[in-house]
Structures are given as structure tokens and as C-alpha cells.
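Chain naming follows the written order as A, B, C and D, and within any one chain the residues start at number 1.
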Amino acid sequence: MTAIAAEPVTMARALNRALADALAADDRVLVFGEDVGTLGGVFRVTDGLAARFGEARVFDTPLAEAGIVGTAIGMAMNGLRPVVEMQFDAFAYPAFEQITSHLAKLHNRTRGRMELPVVVRIPYGGGIGGVEHHSDSSEAYFAHTPGLRVVTPGTPSDAYSLLRAAIECPDPVIFFEPKRLYWAKDASPLTTGTPLDTAVVRRAGSDVTLIAYGPTVPTALESAAAADVSVEVIDLRSLAPFDDATVCASVRRTGRAVVVHEAPAFLGYGAEVAARVTEQCFHYLHAPVARVTGFDIPYPPPMLEEHHLPNVDRILDAIERLQWDDTVVLPDA
Amino acid sequence: MTAIAAEPVTMARALNRALADALAADDRVLVFGEDVGTLGGVFRVTDGLAARFGEARVFDTPLAEAGIVGTAIGMAMNGLRPVVEMQFDAFAYPAFEQITSHLAKLHNRTRGRMELPVVVRIPYGGGIGGVEHHSDSSEAYFAHTPGLRVVTPGTPSDAYSLLRAAIECPDPVIFFEPKRLYWAKDASPLTTGTPLDTAVVRRAGSDVTLIAYGPTVPTALESAAAADVSVEVIDLRSLAPFDDATVCASVRRTGRAVVVHEAPAFLGYGAEVAARVTEQCFHYLHAPVARVTGFDIPYPPPMLEEHHLPNVDRILDAIERLQWDDTVVLPDA
Amino acid sequence: MSTVATPRQKLSRNLLPDAEPLQLLTASGEAVPGGHLPDDRVLLDVYRRMVIGRRFDAQATALTKQGRLAVYPSSHGQEACEVAAVAALQAQDWLFPTYRDCVALVARGVDPVETLSLLRGDWHLGYDPHAHHVAPQCTPLATNTLHAVGLARAAAIKGEDTVALVFVGDGATSEGDTHEALNFAALWRAPVVFLVQNNGYAISVPLSKQSAAPSLAHKGVGYGVTSMLIDGNDPAMVYTATQSALEAARAGEGPTLIEARTYRIEAHTNADDATRYRSEDEVLSWLARDPIDRLDRYLSARSVLDTGARARIVEEAEAFAASLRDRMNADPTLDPAALFQHVYATPTPALRRQAAKVTQ
Amino acid sequence: MSTVATPRQKLSRNLLPDAEPLQLLTASGEAVPGGHLPDDRVLLDVYRRMVIGRRFDAQATALTKQGRLAVYPSSHGQEACEVAAVAALQAQDWLFPTYRDCVALVARGVDPVETLSLLRGDWHLGYDPHAHHVAPQCTPLATNTLHAVGLARAAAIKGEDTVALVFVGDGATSEGDTHEALNFAALWRAPVVFLVQNNGYAISVPLSKQSAAPSLAHKGVGYGVTSMLIDGNDPAMVYTATQSALEAARAGEGPTLIEARTYRIEAHTNADDATRYRSEDEVLSWLARDPIDRLDRYLSARSVLDTGARARIVEEAEAFAASLRDRMNADPTLDPAALFQHVYATPTPALRRQAAKVTQ
């Protein structure tokens, strides 16, 4: 746990620091992708890295996502630790075969003789007024794929520590960066040492557990502050694997749960949360786990996205509908 | 409802008939993909079609799945109705971007001015001793993608009627064909008229609802026959949209539910079934919806797949664990 | 909007493109000796639409500053490709544009406000693709090349006299889809023309990091696709090459790949800072090869264009821009219910329930 | 297993390949006048490994009939590519094979039973990739080309003297990944050699439906990748071309694309019925160009190979096959617990719970 900075930094800056520190700490680390070199990335997350570490370690690739991930796999087979960027969520889809058929499977295929310490950074989510294909939330595709770790930070300091941990992890990590939080600041120090697979209770509460991740964490905290019941807010951070212990302990205490995300509800990440929390906490639940999510539609155009995105009203509304009046007292509750 | 044949046919043959009848009925229908022409498909599903309908309507393409789906989209933009084949489940991944960013979205993008009546046939699932990449179940990726219909038959007669309906449907349909049932026979007549979006009760029962689709339908029926409680078996047929009415009506009657599929549990299709059934039937449920699925691992090699695939034992075991003794009586149950 | 006819231009159709870009007009607007230029009426029409196109482009950039557009990718400097290629299309032909090609849409006759819906953000597409045979502007790079090949193949199957013209950027040529599209097109002898607008950059990435080939036109060779390398700032050359390729496709000679060398004068979009990756001198050197000036000089020298005619065209462009500005200053009517209506041909029960939440 | 050294073979390195396949040995085994052949020791070693490889291949097909293999894709007829290309590799070089290339693995020294684990079905891979620098045999077509380029680029970054040799089928050249791999390789001047085994078919689909280009070697042109078209049934030519390409890569001259024209004598796999899509005559015409006979004639004429030596090699091959048969007749030890051990470097709690269900 080495503290690094305590003045407020944005998430974009925290990620930039994480990459810089990883490049400085381990010369097997490479950073590449579209516009990550000279330009410093369209979100400036790689700003200054090419100048500092040189074209050989931080560079622009041709415009080909399968090529970026496929060559990263080959580099990892030869002992390097590539950190690649998919410029926007929807533009990771061309790399889908390389990710699902190789990145996720090569370690298992070789019985662990080949590790694939590759990090695929994907800016994701909406709320930034992006035109079509620039606001997707594709975490469910990857979280459903065994062999991948899927991680997403909700704060700048987590962005730093989780990205450092992802780069040090021997497993491939899909690292989802919530675009609309790139400019969010916090002042907690940038430290290493956060495990890659644990959720965190962001706010303690006793009546209901509100489960969020990435872009919806601030929305969840706002809702908790505005609610007239006591809301515990959990930031999952790790989508795969899922931290059953932290989440179920909370739900068993509160007896109610709401999960929030931007992606469509149908087979969205909240489906797994609802299913597994219910499996493990059934007799503690006073109401079904509620899902507050994007609708089952293609991501809307910028002027309509406000209707699609989970907001405080919809979260409070879901909390209110958790059958507070007709509480069922269960024998073993 | 035009009855066509009543002597036993295999599912492969029923699909072949459906394609032939669709080609004969509508000259906008085309069939293409890898090895579907001269060879008649690696599973012979397109056997004889090129000879009967000619190279212009049934043809082999170069080896490029994005190319197959992408050109199918362009053909549909120009009024044709392509039915394309992805040779095996994992080999649809190269077409993932074309499917998610265009096939699923173009109708919505154009406010309905462009329909995309494209059918993407994907042989899927395991149990056939296939080597790596030949036994994936990728239905969750597509069912999570708004704009796609996802359909999978569990019997030869459904294979016929659902494929005919899929080809006539104005929406794009991902048509999952359970490989291990290609050689399964039934003698019910091949008819048209089955709606594309309804589940069917395959076996009536009163104690527990067993929900299956595609390759696990026969396993579910076997389990029902072997169980010492009364099991109702539902064959979903349509994975997207989900038939809430049929499934929830059954679960409200039985108070217990088990969902079965081959794909990994984590964010597998069963997660959505468990989540939405619990949302709609919470106070009727005596136990959490159980999931009997493949494990959260890459699909095993042929000699180990028996350990991975849901079987009668695991289903009966799940049914037994549905808390029969400590039934919780709910006020409104 | 059908195009003015010219004598069929037959260019040589080789697998290996010429080493130097073909030209009909020099940078200073003189006719290249021996070149057979399109006739004056065609070029005057192209000139007029280029002037209007550039004015539209400037107006669109201005609209981003007023917050009326979410973002705008300018094609300033690429008007020869945007306009002359479109001018060579017949009414029944189809255009497959990218996000960069708003000016091409306007040249094709698409309403400018409908053109800008995508970038304003009221919907993903503002126009009816069937009205002018213009596919939705495509953002996932190179994916539109396959759609164009499929539509062209379908046209051939249906016996239509239709050719598809697809625009691709230099960067997009690196995507696997471009490879698959060229291969399918060649095998099917599909009536499709690939116009690569090589404007030197993919956002910040220069061509030198995109390809090590002698030219992008060389990419046709590996598929058996006829390739041409042309000066993309020469409106006469772009028109002639495109028309020749379109006619060859119509005649059943199959696809053509055209690399048009041009330059993106503005940043990638209004949101981009081009000073981070290229020099002012480089931009200036390309301003000296401006496609509109070039055609202006040529037409003036032939006194097809005089002060009066030029003034009338500028006036028309100003009026076009003014009306665009006014119409864009009105807030678009937004319809959240539409989000649920077109996901499927008939909304599912679940979508109707979800729609109710939003529209209640 | 390091290879016998020969005087460095320098072939011309052009973008445009020759129109006709390069040859050093005619179909009847005469040296092509003016050709500089590898020396006898190299060719005798290649001959020996081809004979063993073909015997291995026949044995593997037999094992499918006995139900000892789930499936087997034969490379009968492709031994010149499978063996001579591998013979040109140095120990530090990496091989990126496809499912078709079991014989290449055996030639590289991979244990034959470990080679067949994938096809027997006890695991997805039986050998340690690091042991002989052989990547897992790749099934998703063309995806291995990108891995080879990445590994080669990493080798250059690390200053290793390593070249990657990747095998690709004629059909796989149509996949987008092949395009992206050639482009990345050219831009990075990566030390990688692409060997396209053009065996005429992708399962049932003939080359004529796969590409309309003059040759697959022409695909290098669009990337600035040096290309060669060679007779893939000429072991001397395959060795010489591969070695020359490997040495060029080692010397920092970048990637090479080699199209080797050969033929798949057997069906796609034991499960395929080739009579549905090709004629017996076609197969016979290729049997007449058999790579092993060809080298046998040449080496015999030079009396490098005589009856005794030939008999010893056949004996060795028989012993190799016998031991393979015996070892394959033993049931592999299966370990269901392994299914959960390697999904991640450290099994997750959920996976440990799931493993318990299976192993209890």
C-alpha cells in the first residue's frame, strides 16, 4: 500500500497515472491501440505516455480491433504484458472472436502453461451525449465468458488501484472505464493493493441493499442520500468473479435489494445478480430483487438518452415498491 | 396450418424441408454460407438445395463470417430474404459486430423504414463429441442484444415450423439448432403456423415447473418421467422475446421452478429466467428458482463433456433440493 | 437526382494501379494535356454543389459551437470526392456513406436537416434511405463495405441496373471487413465501386502507420479487383474515374477500387485538436491544392464561370446555409415513445410495458 | 530440434510474385536447371521425416476407425509443406500450426500422442507449447496469424533472434484476421513468415470460390509484404523458400507471404465425404505429383538414398506408428477436476464449489 497523491484527480488522470506507473515499474508492459500514442487517446487517458516511454512501448496501431487484441495475445505468449485500448464499447465487437475464443481460453487450453496477462481497456456507457455506437454497455457479453475477469471502477482511486491490479494479474482482464466518470474527481490517495475481485460497501445502511457498478455508483449514492429508508450501497467493482460474500452478507441484513446498471435488463448483469442473490438469500428477502436498468432497446440517440438511463427517481421508485407494508416474516429470518 | 408429413423425420431433415419449402414459396429467399451448396452443409441441413434451386439462390461463400452476415444485411436492404449459416457456434463470433451493431439495429435506426428479414442459422451446443470450439452455447450473447429474435427448436416439427416462421418474420432471427438433436426423430406432421414467440408446455405437471429449450428439452422430459413429484415441462422455443405468460402461469401453479441449459450459469440464459420469474411470481415461490447448467468453464474436451452437461441426475437432484419439507406458506399464496 | 450525361469515359482497367495519382486538372486548374475532361455542364454542376457543400460544412461546424449539433466531422477539402463521385451516380444507384460524408448526402439531394439528425442527436438517422438510395451513414468502420456488396449482389440477382458506391476512409481499409468485402465483390463480380478517401489520417494516425503498401489502391490486387489511384482533389478526375468504374460495374465487369488522395483540412471533428499530431505547414500545403479553387480556375479560364455566375452560386449557398441555420435553431420534436416502436416490426409485450414507464 | 545448416539461400524478394510456382525439383524428381538445391543431408533428413509423417498420418486415420480419435484431418499429400518448412526452422523459432498440421508438429519433435490429445479429446492441447516453441493447433481459422505476428513483434522488442512461422489454409486467407495480420506484420516489419498451404479446398469449397485473384501470393502486394508462389509438393523448394524467408525476417527485412500449391489427398477429415465435391481423376492427377516420391527419385538418382537406407527409414516409420498405436490403445487418464483448475491462474471460490460437485 504505497500512497501516491491526495489532491483531487479525475478518473482519466488516475488511469493515466496507473498506466504510467505500470510502464515505469515493469518494462514488459506495453500500451497500444488506436490514437493512444501521439494523440494520447480520444479521452487523453494515455496522454504523454508515448513521449515519456517511447514509441516502442506506447504506440498507435492500424485501425483493426481484432488485430490489436490478436497481436496482444501473441505478445503475451512471448512474455509481454500488453494493455490495449478499444476506442469505444461498440468498437470492441470486431475483436469478439479473439477475446472469447482465445484471450478467455488459452490459459485453460494450455493447462496453465501459458498465462495471458492482457488488459483490454474499454471506455463504456452513456450519459455523455455520444452518437450511435458510442454509449453501449457490453459488460454482460464478457462477464458471461469463462476465463475473463471483468472489472469496472466507480471512483478515481479505484480506477488507479484496479488498473494497477489488472495489469499485474496473470489472467486476462476486460477493464471497463465508465466514460461519464472520466472527469469525476476525488481526493483519496492513489494506492496499490486493492484486490481485483472484491466489492466494497460505499455507504452503510440497514433497510435495503443498492448494488451498482461503474457509471451508476454516483447515482446510487445520490439515491441513497435522498431515500427515506436506510440504504446500503455496494460498488461491485469486480463483475467477474462476483463477490458473493460481501453482497449476500448485506442482503441478509437488509432483506431487500436493488441492482442498477445502464445496459438493457434482459440478460443484463442485473439478471445474474438477482438470480444468485435470490439463490443464496431467498428466505431473507421480503421482496424480489429489483432491477433498475436501461430498457431492452438499442442505446438511444443523445437527445433521448435521459429517458433510458437509470436515475435517482427510478431508483427511489424501485425502493418504494419493495413491499414495505406487507413484509413476510420468514421462520429463519 | 398445412400438414405436410407424418412419417418420422430427423430434425436435420425437417430443417432441410423448411428451407426447401421456403425457397419454393418465395423467390426472395436465398441460402448461403460455408459448404452449404455443393456439399449440402457439414450436417447436411442444406442437402440437395443447390441442385434443386440453383447456384444463384443456394451457394457457397468464401470463408468469412462477417462477410456472410454483412452481405446478407446488404441483400436484405435490397429486398431479399437471406438465410445464412454459421458452420458452428463459435464460428459466429467473427460476425459479432455485424450482428450486434447492424443486424440488430438497422430496423430501429431507420425507424422501421428498412426491415431486415435475415435468418442466421447457428448449430449449437454439445454432446456430440466435438473438439474445441464445436460445442459452445452462445445464445446469451444474442438474447441480450435488443433487436434480435432468438429462437431454438426442441423437436423436428418445431424445427420445421419455427424455421418457416423465422424466414417469414420481418425481424432478424438468430436461429439456434441443437446439434445433438439433428438426428432425433419425431412423427408429428411438419406444419406452418406456429408463432415465433411462444413457449409450449411439453408435459403437464403440478409440483414443479421445469424450463428447458433446444438440446435440453429431451433431458427435461426424461427427468420429469423419472421424478417422484409431478413435473411440468416447458419448452421455451423463443429465447427472445421471453414468453412470460406461459411460464409464469405455470410457476404460479406449481410454486417451484428449475431452468436447464448447457451454457455456463453465470449470466447464462437461466439467470434471466430466474430473475424475471422471481420478479413476477415471488410470493408463489416456495424455493428459489434453481439453475441446472453447464459450469462456469470453457466447454470441455469431448472425453470430459459428460461431467459438464446437465443430465437427469443433476436435474432430479435440483428438484429434490427445492425445500419440499420446509414449505413457507405465504399470505397471498 | 439524376446526373448530367457525358460521353462514356473508358479508363484502363488494370490490377496494378498507376504509381502516380491520375489527374485531369493540375493543382492550378489547367487541363492535363491529352486528358479527356467531362463536359462543362457537368463540371459547372459539380462546382456549384461543391460550393454549396463547403458552405453547408462550415455551417454545420458553426452549429456545433452553438450547441445545435453534438459533434460534426468536417469534410472541408474533400469536396471533390464528396460531390464529383456522387454526381456520377444514376438515380437508381445506391450510396453507402460514412459519418464523414454529410456533404455527399447533400450533393445527393438529402435534406440538410435530415442529414444532420444523427449528429444533432434526435435520432440515429434522419432521412429515408429509400428516398435517395442513400444507406444510413455508417460509424462502425468498414462495416458498410459489406452492406454495399450485398446490396449490389442483390441488385444483380434481381436484374436491376443498380450500382453501389461505398465510401471508405484510409484507416477503415485496415479493418477485416474491407478485406472480406473486396473478396466477396470480386468473386461475385458485384456491381460495386469502393471509393477510398485517403485523407491522410485516421483521427490522429497518419497513413504511414496505417499501411506499408505502395498505395492503398494496391489492395485491389490481392482480390483481382481493378484498382485506380487518382488525385482526390481533382473534381474532373474523381468524376471521370467514378463514372468509368460505375459504367464498368453496370456492364458486368465487376468491382473497382479507387484510391482518391485528398486531405482532411479540419480536425477529425470539432472535438479534436489536430495540432497535437500534424503541422500547420502540412495543412497549408494542402490548402494550395483546394478542389474548388482548382475547378473555379478551369471553368473561369473557359469562361463557363464568370463573376455573375459565381456570385449567383455563392448567393445560393448562403441561402442554403441560412435556411439550414434557421431550421436547426428550432428544437427538434422528440418522441421517447419512438425508442420502443422500432426495435422490432411489432413491439413485444415487454417493450410496450417499458414504453409505458417512459411515456406515462 | 535444430536444423542442418545450408548455404544461405537468397531468393528474389519482390512484391509481385512470379506468375508460375517456383520449383527446384520437377514432378519426376529432376533438379530444375540453374536451381540451387539444399544439400543432400538436409534433403535426406526431410525425406526421412516425410516418410515418418505420412506413416503417422495413416496411423492417425486408422485410429479414428478404432474410435481412438474423435476426428482426424489428414495432411496426406502436403508433407513437403508440413516437413520441409519445419525443417528450415531454428530451435528458437516458433511454429503456429492449424488443426491440419499434426505432421508438422511431429516433424518439429512434438510427442505424437501429445500431438493427438486435441483430436482424441482428453484435453484441448496435449503438449507444452514452450517445449518445442509450438503454439496450440488453432481451429478458429486465421486467428493464429495475429498471434504469430504478436509473438514475432514481441521477440523483436525483446531483441530475440526468433522468427514465427504461421501456417494458413487457402480458405483461411478469406478471413479478416489474415488481412489484419499481414498489415500489422508489414508495418512492424515483424519477423514472421506466412505459409499458405493452398491445398485447393476449404472443406468442400474449391479455390475458385475462395478467391478471384491471380494467386493467393498476390495478397501480399496490398500490404507491401514480399510474396512468393511456389510448388508446395516440391520439398526442396518449400525448404529453400521458407529458409530464405526466415533468414530475411531474421535479418530485419520483415515478413514474407509464401503460397505453396499443394493438394489435400484425403477428405477434409475422416468424417467428410469428398466424392460429393471433387472427382477421382483430380485426386489421381495430384497423386502423380507426390512430394515423397519426388524426393525419393532425386535422392536415389544421386544415390544418397539406396534400398538399404530406404528400408531403414520405412522400418523407423513402422516402429514409430506401432508405438503410437500401442500408446493410443491405452485409455488416457481423465481428470475432471482439471476442468476447473486452469480457467484462471487461481480458481475462484465459485469454481471451487462447482469442482466439488463433479469430483465428489
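In this text, a residue touches a chain if its C-beta (ideal position, glycine included) is under 8 Å from a C-beta of that chain, and two chains touch if they have at least 3 such contacts.
No experiment lies behind these values; they were computed from the predicted model shown.
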Between A-D and B-D, the pair with more C-beta contacts: A-D
Per Cα centroids, the chain farthest from chain B: C
Averaged-CA centre spacing for the pair chain C and chain A, given as whole angstrom: 38
Length of the line joining the C-alpha centres of chain A and chain D, rounded to whole Å: 41
Gap in Å, rounded to a whole number, between the CA centres of chain D and chain C: 44
For chain C, residues contacting two or more additional chains: 123-124, 140, 174-177, 179-180, 183, 187, 209-211, 343, 350
Residues of chain A whose C-beta touches two or more other chains: 61-62, 64, 66-67, 90, 93-94, 97, 101, 105, 108-109, 132-133, 146-147, 242, 266, 296-298
Interface residues, chain C side, partner chain B - complex: 123-125, 128-130, 135-136, 140, 143, 145-155, 157-158, 164, 176-177, 179-181, 183-184, 187, 338, 341-345, 348-350
Residue numbers on chain D that touch chain B, as the complex places them: 70-71, 99, 118-124, 139-141, 171-172, 174-177, 202-205, 209-211, 276-277, 332, 334, 336, 339-340, 343, 350-351, 354, 358
Complex contacts: residues of chain C adjacent to chain D: 15-16, 174-180, 183, 186-187, 209-214, 218-225
Complex contacts: residues of chain B adjacent to chain D: 34-35, 37-40, 42, 60-64, 66-67, 90-91, 93-94, 129-134, 266, 295-298, 300-304, 307-308
Of chain A, residues touching chain B in the complex: 66, 90, 93-94, 96-97, 100-101, 104-105, 108-109, 132-133, 140-141, 143-144, 146-147, 240, 242, 263-264, 266-272, 274-276, 278-279, 282-283, 285, 287-291, 296-298, 326, 328, 330-331
